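Listed after this line are the structures, all set down as structure tokens.
Heads up, the next two complexes both have subunit A, just with different partners, subunit B and then subunit C.
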Partner chain A sequence: MAHFDDKAMPFGNKWMDERIGLNTLKRVLNTEYWIPKDINFLWAMGMVLAATFGILVVSGIFLLMYYKPDVNLAFDSVNYTIMSEVGYGWFWRHIHGVGASIVFLIIYIHMFTGIYYGSYKRGRELIWLSGMGLFVAFSAEAFSGYMLPWGQMSYWAGMVITNLFSGGSLEAYGLVEWIRGDYVPGDAYLTRFFMLHVLLIPLAIIGLIVLHFGTLRLPHVNNQEGADIDYKESAELWKAGKKKESKVIPFSPVFLSKDLFVMGVYFIIFFYLVFYNFEFSMDPVNFDPADGLKTPAHIYPEWYFLWSYEILRPFSKDIGLIAFGIAQIAFVFLPFADRSPNVAPAHKRGLFNIWFWVLLIDMIVLTAMGKLPPTDPVFAMIGLVSAVLFLAMGPLLVLITMFEKKIEKGA
Partner chain B sequence: MRELKIFAIVAFFSLLTYYLVEPYAHHEMHKKVDTEGNEIHSESHGFKYDGKPDIAEAHRAKNKALVESKTAFWADVAKIGQLKGNASAGQSHFASCAGCHDANVNMGGVIPPVLDHAGAIYDKNYLIALIKDPAIASNIDHKYKDTGNHPMGAIKFMMPDDQSIADVVAYMLEHKAGEVTPKEAYEEACMRCHAVRYGKLPQLGDTPKFKHEKDSLAHKIKVIEEQDRVKAYMGKLPPDLSIMIRARSEHFMKTFVENPQSQLAGTSMPRVGLSAEGYEKVEAYMVSTGDPSKAKREAVGPWVILFFVIFTILAYLWKKSQWKDLH
Partner chain C sequence: MEQQEEGRRDFMGMALGAWAVVGGVGALYAAKRSWDPLPSVKAAGFTTVEMNDKKENELVVEKWRGKPIFILKKSADMEAHDRDVVMNGSRFHVSIGLCTHLGCIPAYQSDNKEFFCACHGGVFDVSGVNSPGLPPPSPLEIPPFRIDGTKLVLGESGPEYKKMLDAGLTV
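== the complex of A and B ==
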């Protein structure tokens, strides 16, 4: 039976501690949540992502007050009501649009940081897997949100992506109709994607973020050298005031102070884009209202989906779908495909280093080719080669890391 | 410093990706090529009209007769441009224009536009060309077997000689110029075909306020009937221009308005013949309906960024104090 002090001041520190273990929470989540000292600004991307998600939620709430999920009203509720009639409606919309695009840039930076430093290995597999869950959820959130303004690109991207579920030669058009609630994207389609965008997927994202943070607590975040830190020893040193000797810092306030500075720099860039350079995140084609009788000359996804789109495009129907399917789940297997015993930055891992940079450049090439017109034979060829290369990267990783030499401690 | 080196690498790959998917991809997507695969550069000519793009189009179509007739036509236009026009002589000619242009009824497909500010918003050379042959001037002669079948084709018999063309143009430049608002410029140049629903401006102009729903519906029917006539003439109802300013790039808008064929070969949209000043006015109207937050954006932006600069400086000082005896 717990002890409750009758004299404790309501909502005071002691009162709260007795009821929800406030001091334990503070210790476990803040003051004695140890973060390695040997890190760089890339370690702040997690908090930058959390902040961007927060901004998307807040701006989304404002937009939700005026948006109308109806094929006859949606386009004008966004482009007229929110942009012309609602005070600062344009501000929240541009924040939401730029945020949705930039969040993927930060996700990719965060992902490639994890790959570079081997932060998905030896106890950190679940961090990677829950992160992949977040990537899938964010992708679904981005796609469903893209439907809402009901412009030409909303409609036609919706048409193309839902068509993928027909499974090529399987011709499962029943499934496609079930997903759309109609033969073509229409009102039933818009309202269900609206629900997904504002309720179900955000709920899933919040749950996954909690899981992602949870998986991080015991293995701790990685560090720049992949060093295996004795957290007990380092924590004792810190608590004894030997800050120089200790290899760790507490999450709050030391790690957080650096996070906040990186966030500041990030928000300067972010709001520069919101005010002066937002076109990249709001495709002009989507300012034409949806028209089922007028296919746009070029249909392409937003930039963050281009690399996987390009893995679909250069092949014949069925092979393309299979390749696309593989590309969607390929990264999930990373912790198990990397057979190397080393947790170390890529530049210390020989062939893996080359593999890393080839992967990065290949994905940028795929991204570019995904938007360029495939009618140009040169672009089509580059697209095909880089798609095949991407598919080969998985088996190559297994092969390379199988023979990777163990790096000796202190070497 | 290591952190800056890492930042440089991240920035480099981010900007490279941006360049490839935005400026480069859009350039490649909208590239126009001729039958030999050579790129056709469509540049703005500063809203001056001398027929060179039209002659170049005829060259690309390998239509010798068309090259000759267009060259001759625009040479004639240049010649008339040299003539000294007499505005008071032009006034009597202009009276015959008003018969159609002030009637406010659909004639042969569209409502002939009001000419109250024609001298202020249209280019002089273009006005001359239009009076000489409306179909060739507006570069939609491919629609007509005989350019005399153009709804304004009868003009050929009303302005029999070059001097009368010079006179009536001189009259418009002198007496139909005056100060023009962006909305007036839009109404005179574009409204007969393109509605702007965000400006509550259909093809018939501002919608009056009606006391009874019956009258409002009756007006709506009139608008629909007018749209049907325009549709019958143009082949499809020309798009609403409410937010066209955001749906097309600045380069597209300028080159398209100067010469619709350059961006949309075969389109039935005629060249409008706006001068640089005229286009500026029309553009201002389109910004007011399609991108009304532009001015506010520019006013608020610096303050928000300043806020985060101060935020960053404070955060940096805090970070320094927290990390000062760690190494």
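== the complex of A and C ==
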């Protein structure tokens, strides 16, 4: 039964609680959302990602004030107007560029943390899948944003990536032209990617973040040992004042303060990069205006796409496309390819530990090879071997984990 | 009574649902059409190129529908090919200058007499035929053309072009 206290102070705690259930919300999302004690700074990466996304949105809003989505105006609106005329325009652009690059570094750390501790299975499958949704959405967001300055790399990356949709021998050029709205990337192409970058994909990302958080609430985050914590018991201990004995702490304000500490360190590094070392996030080739009659000597994507680009490159067109397609979706299947019942850190899982490090190193090698021009035969060979190895890692995981011994908990 | 009410509720749900499906399909079609290239883009004109002034072994790049068009007058030592456009006794290689792998523009190297694509290392000879074992899967495409005296009209299909198309020399 609704009951409204006439004497409650407007917008005060009681007044709000009676109208939107503020206390229930706080309890479910903060004070009684339990976080295990046995975790480390890697568990702060999720909140670091959320904060970085926030910074990208804010800096993007300011860029939007002067950006012009038109093939004749875009390049100057960014490189002249925003960079040298708008007060502090360079500041928003450097934040946006550094943020877009660093967010992928943190995403990869966040993903590999999840893989290392087995946080993608036994109740946490949906966390992983919604996370992959975020990865895809962020990739699309980064690519569409890269088109906007309409420099040489924008144009030619757009040309090469949209051509992927011709499907090789399927020769679906109609589909490619449909995506572009033109025979080559042109005005229609720029304005539709502008729409995707500033509205549709950010909306999807916000929805996916809400879903990602939602999928975390019931299984709770994993912990360093993969221990199956009795949350009810531990919560009772905490509430009874036995904070030492309890294995958990409330998300807010206790855990959040730890998150905030890691974020503080992160933002010191982040803004150091924004002010003193932003060049890594801005490709010099993209400071030449787009020219459909001149390909840059060497086309490569931003660093975070290099590993999958390198899986495309060493093969003939059709096989390259198939390999690339597999690489794009491979991580989605992780919760189902890992057949072992163990939720435990990799160093306790025997062969899986080796698998984990081989995967990580292989992706770093692919990234390095992807940056090099295609002409050196030694590097091309290393690239080919790493690409084949990457494709073999999926079946290998199924095999390894099928025979993994069950770890007895509490031992 | 309760049952009757349930039947009426179900009817409302199904009626609205059915119309929503119809509307949804219609909206999807409208969305698809909005992404189509505009008529003005599709009607993008024809390009006429004067061929008389071309020099041997020197690549000329023209623009047609936003795409680069390679025109290379062959010298006597270059092998003839059915893909050549023959005009007044001269042989020309004419193609869309986009690599058939993923669409970069290959560069013409006049000393080796071949096209080299820097993106993933593709190679094409002076007739636009791809070297085997490299990423590009097929020869450079030939744009629709019609011979008009000493001029070449790009975008129109003349008999010489249709013959090449029928012979499977281009797509």
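Miscellaneous remarks
Basically, the second predicted complex is superposed on the first by the 410 of 411 C-alpha atoms of A that agree within 3 Å, B and C clash if a C-alpha of one lies under 4 Å from a C-alpha of the other, contacts with A are read in each partner's own complex, and residues count from 1 in each chain.
Rule of thumb we're sticking to: a contact is a pair of C-beta atoms (placed from the backbone, for glycine too) under 8 Å apart; a residue touches a chain by one contact, two chains touch by 3 or more.
The structure presented is a predicted model; accordingly, all values stated were derived computationally and were not measured.
When the shared chain is aligned, no partner comes close enough to touch A:H96: not subunit B, not subunit C. Shared-chain residue A:S84: touches subunit B; no touch with subunit C. Contact with both subunit B and subunit C is seen for A:H298 once the two complexes are overlaid on the shared chain. Comparing subunit C and subunit B on the residues of subunit A they touch gives the larger count to B. By the touch criterion defined above, A:I268 reaches subunit B but does not reach subunit C. In the superposition on chain A, A:P373 makes contact with both subunit B and subunit C. In the superposition on chain A, A:P253 makes contact with subunit B only, not with subunit C.
When the two complexes are overlaid on their common chain A, residue A:M159 makes contact with subunit C while staying clear of subunit B. Overlap of the subunit B and subunit C interfaces on subunit A comprises residues 297-298, 373. Residues 2-3, 6-7, 10, 13-14, 16-18, 20-22, 24-25, 28-29, 197-198, 239, 242-244, 246-249, 289-293, 296-298, 300-301, 304-305, 308-309, 311-313, 315-316, 318-319, 321-323, 325-327 of subunit B are the ones touching subunit A in the complex. Contact residues on subunit C toward subunit A in their complex (touch as defined above): 35-38, 41, 44, 61, 63, 65-68, 98, 100-105, 107, 118-121, 133-137, 171.
Within the complex, the subunit A residues that touch subunit C are 156, 159-160, 163-164, 168-169, 171, 177-184, 186, 188, 192, 292-295, 297-299, 313, 315-318, 320, 373-375, 380.
Residue ranges on subunit A touching subunit B, taken from their complex, read 37, 40-42, 76, 79-80, 83-84, 90-91, 94, 105, 109, 243-244, 249, 253-254, 257-258, 260-261, 263-265, 267-268, 271-272, 274-276, 279-280, 282, 284-285, 287-288, 297-298, 303, 306, 360, 364, 367-368, 371-373, 376, 379.
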